[in-house]
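Next, two complexes with chain A in common: one pairs it with chain B, the other with chain C.
Showing the complex of A and B:
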């Protein structure tokens, strides 16, 4: 019943099917849920009111609205900026540089940096958000300990630099992952190859540019893919820190979707946003996977 | 003046001292081989000369100029690594031309010089391949090409043939020798392999525990080792070394309990020796008058076709004899062994060779 050349698999088909039952159920659940979301995205289903009970089919109306109105495109831009600076430049870039610098560094320094990075990684999003807003609030640490004593006016950082703050806190939160991944990847690079580059006369920057980065291209591509996917749909830290504000300054797609679906109550439109997000991420994934494959050739 | 001088080199890794005090002069055009047991500091010395490892104390002079703080390139040194360390993501020509590219040479010049090197090493056909698509010997040649393209004064090799199979190793050994005699680049070469050392070297430095025991031509090293360590290290099978525990009239007893008589000999030199060495080919089964002689039991006979290696024991003293004909003995037989005084190597208590 199982078509496979593995004799041991075929002979024990019955227990395998039983064992796989939960997985099969879950796959069905995913399928049903995805199908439901797609279906809903073509209706005007609402959270409350008459449309909650009798939604009607509206064709591509929701999708047209994505492009026709500002909200969605604005959120796409905000998300892209947030992802680019916090995930790609911040987590990946800083993680990579830290991994390279600390590779040959002192054990003590390395331990301290790793501890601080992991601390950010392990702190729950909501706790992290609370810490950062405490740090940045008008009565917070930055104002009372640094800015005020230096004679500056009290600054409401969360109002003035919301995006910067959200980006920095996400870098703080997520760099550990990239750092650990690149650290492990660097261990696979032969020490002699790097030394050969040194003897050939490559300085630190040239060794990075011509040897390390090309050698680690598959890992870099994979990590960019993962980090982009996570960050594109990232919700909790931003929600807890700014709620998407001030105004709509930090309203990324996930927050926009949440607000449309559950605050405004348009479940159909919210579903369309979810589907669009998925398509964007899928598009980016294809791009990254291509990059990684090129490196292997 | 020597091209390269290491003066009182000392190397510590943290609290561990690996090289206590080492000096060596390398002459221009020489092929110098460093040999020694594993962990004796050969690679460390080579890496200090290359500039990959700091020199804890001591001076490195190249052309009489202090080079301790110079970059390998400024030292005029290049290196061939044990794993070849080719850049896996670059083609053969990019690998060879990488150093030139970093120097800022023009594309045309790089092409020209890479082409010249590739011709010299018969790599012309392979220039567009990646290292993964090359055989071991070809990779080796690319590594050499990369090392010579910038015309270094000194080229360093760290066990470059140890990853090759036996047949290829012999071929590459001959290629390297030809290469050296054609180009005459000063070479320092680390190896485990005695045959490599003996055949390739103009001079061999035998190292032990971070010190150079003897630095001499292969012939001198073989014929007149200056201390027991070198005597035991050079030559295969190993030289028999007898440590004398006491001398009683015309017999001596070794620490391992063999009793050797030198009754027929007039010399009193033997009486002063703390260690007596004799190569297996000089130990004869049967023995003659006027030789040092002793009895031993045959333990094992290795027949190699044209020669036999006979392993014997006397007390707990192991002896190896080498016969260039079928050995005329059987396992467990008690035989008389003899060797001539002229063939012995004698060392005093301090490990100095007795003249």
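Showing the complex of A and C:
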């Protein structure tokens, strides 16, 4: 059962299994919840009413409705836009650039930037939401300190630019992670390689494009993977800041799922959304992991 | 040695029986804002019984919190819930039958019959009403004066409401909410009740459920009707065509607090809202105001119908909050004792008057604090002609679909599309034979 050449281990498989029991149980717990969600997604289980007590099997109805009804596909698009701009372009891009720029920078400057980045990262999501809401309100800082002195009319940022606002606030919130990861990764690149490129006449852009990026490709892929996964399922900041509105402007998948499961009360349909989200993220992960592997070859 | 064992066993048994005779803490889940009524009652209950009360105060979205607690088997012994959910909670087996308790309770005959009916499902009492409310259009008197609008304002139809808002917009362009009208999903039930349903009731005559979401005679939900289309048209007028309201207040992190502060700060001209706002606005801002000061600041008008033939002149709809005991509770007697302690006559009367809430029992109406309150007395005409929502099992899903339809209008969808999606959602949920269309 246990493949090992060690005689003692081979003879005492039983105690090993017993020793591993907590871990097995722990893993089973994940399996049970995932299995339960999959099972529920094929039923019309509801939070309230008759269907809460006697749910019935509905086959693929919930999955068909994901495509056939308004809501899900729109939320997929909103989530994709949100993830692309806030996580991939924003957090990863800005995090990477800051890490590169500050690598050789002055220690004090680096300290100040790191402190400000970390502040965003450490602020609880709901606090961040209230802060950004206050910043963006018609009487808020953005209007009174920046836009109006520049001669612009007072702008209802949350009315007109809700998506942009949640994207920016999420960049503010999450860039620290990417920055820290990339600056640690940059420390592993030996000076000689970069200097050799410099001696060969590569300019700053070429050094970045042809030396640093290829060298850091595994780390970039890993970071993209992580950031995409958690941004795709991100909930709290957007929920508190806009609740998915105005209208459905910022209704990402996690909010759509929450509304369907807990406001409308359709647990079955909500579970189907959860499974669909999992599949989308799994697909993206496969893509990233392949990219990372290619880089290592 | 044997003696020692016996002694030990006896001691263990004693500890065991002691532990099982003591009941666990009595748990309560209630919405924030009720502390003044509940906390003193908890202390009194604790000193009288020696039991401890553990409370969970929910700042917002208590409906969602309760339903998840119920469904997950983690509900408190005593729950304070929005009364419209009584039928759904009962159908799901979440609420305990209180018929036996109220039968022996001397205060029960003091409660008004109509409210008892809402809380009685198939002959068994499931909730004890705590207060009720009415709905109307509030307006800021200073804004009206500056815009040159005559008072007292008594609009006769929707057009007059929209035109008044238009006047405010023209005279005072800095007012971003000439007409605050609950919309979208973040306001939850408030969108359905203070906004959509108030308009719906006045949009058509009442035969065959023409001005409702459910036809009670046929026992079906209404997936499409002229009245539903008119109300969505009203939303379109307010938010899209005539721009009579900005959107931010319906989506901020603190939608209730921000709405109240905006009203108090004079940023809202007219506001579709409820009777509790007379006091709630000032509680949210943190200023104590005398009734005279409040009356100088704000006044209300009944919500008019749209003026079409047979439609009511004005509409009103009442809701309210109930105490209930969860079916899962293992100490229902103690839970009931706690509810009785909370609803002690004089204390309840003082609280409900101070909150500016509409009392639900006769002795409270007769209490001096309540009688002296001119505002609460002024609500009588609305209360006399009030109605309720279509609180049939499934209503909360229907309500959520309505909120989605109003959000779709904000998104710029056509009325046809929004109604179409609403009807499809109903058919998915209840089956096509339980949904009807009124031409």
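Note that in this section the second predicted complex is superposed on the first by the 268 of 297 C-alpha atoms of A that agree within 3 Å, B and C clash if a C-alpha of one lies under 4 Å from a C-alpha of the other, contacts with A are read in each partner's own complex, and residues count from 1 in each chain.
Definition applied: a contact is a pair of C-beta atoms (placed from the backbone, for glycine too) under 8 Å apart; a residue touches a chain by one contact, two chains touch by 3 or more.
The shown structure was predicted, so the numbers you read here are calculated from the model rather than taken from an experiment.
Trainee: After the match on chain A, would you call chain B and chain C a fit or a clash?
Mentor: After superposition on chain A, which the two structures share, chain B sits beside chain C with no clash.
Trainee: Just chain B (first), just chain C (second), both, or neither: which does A:162 touch?
Mentor: The answer is second: A:162 touches chain C but not chain B.
Trainee: Considering only the touch criterion stated at the top, classify A:33 as touching first (chain B), second (chain C), both, or neither.
Mentor: Touch status of A:33: no partner.
Trainee: When both complexes are superposed, which of chain B and chain C contacts more residues belonging to chain A?
Mentor: C
Trainee: Going by the contact rule set out at the top, does A:199 touch chain B (first), chain C (second), both, or neither?
Mentor: In the superposition, A:199 contacts chain B only.
Trainee: Quick one: is A:152 in contact with chain B, with chain C, with both, or with neither? Answer first, second, both or neither.
Mentor: In the superposition, A:152 touches no partner, neither chain B nor chain C.
Trainee: Touching A:115 in the superposition: chain B (first), chain C (second), both, neither?
Mentor: Neither partner.
Trainee: For A:50, decide between first (touching chain B), second (touching chain C), both and neither.
Mentor: A:50: touches chain C, not chain B.
Trainee: So, does A:60 touch the first partner chain B, the second partner chain C, both, or neither?
Mentor: neither
Trainee: Please work out whether A:77 is in contact with chain B alone, chain C alone, both, or neither, and reply first, second, both or neither.
Mentor: Neither partner.
Trainee: In the superposed arrangement, does A:246 touch chain B (first), chain C (second), both or neither?
Mentor: In the superposition, A:246 contacts chain C only.
Trainee: After superposing the two complexes on chain A, what is the shortest C-alpha distance between chain B and chain C, in Å?
Mentor: 49
Trainee: What does chain B use to touch chain A in their complex?
Mentor: Touch list, chain B to chain A: 50-52, 71-73, 77-79, 81-83, 85-89, 98-99, 102-103, 146.
Trainee: Touching residues of chain A toward chain C in the complex: what are they?
Mentor: For chain A paired with chain C, touching residues are 46-50, 52-53, 65, 69-71, 126, 129-130, 133, 137-138, 156, 158-159, 162, 240-249, 259, 262-266.
Trainee: Which positions of chain A touch chain B when the two form their complex?
Mentor: Going through chain A, the ones touching chain B are 190, 192-193, 195-202, 206, 210-211, 214-215, 217, 295.
Trainee: What does chain C use to touch chain A in their complex?
Mentor: Residues in contact with chain A: 64, 67-68, 71, 85, 88-89, 91-93, 176, 184-186, 188, 246-248, 250-255, 393-394, 396-397, 400-401, 403-404, 407-408, 410-412, 421, 424-425, 428-429.
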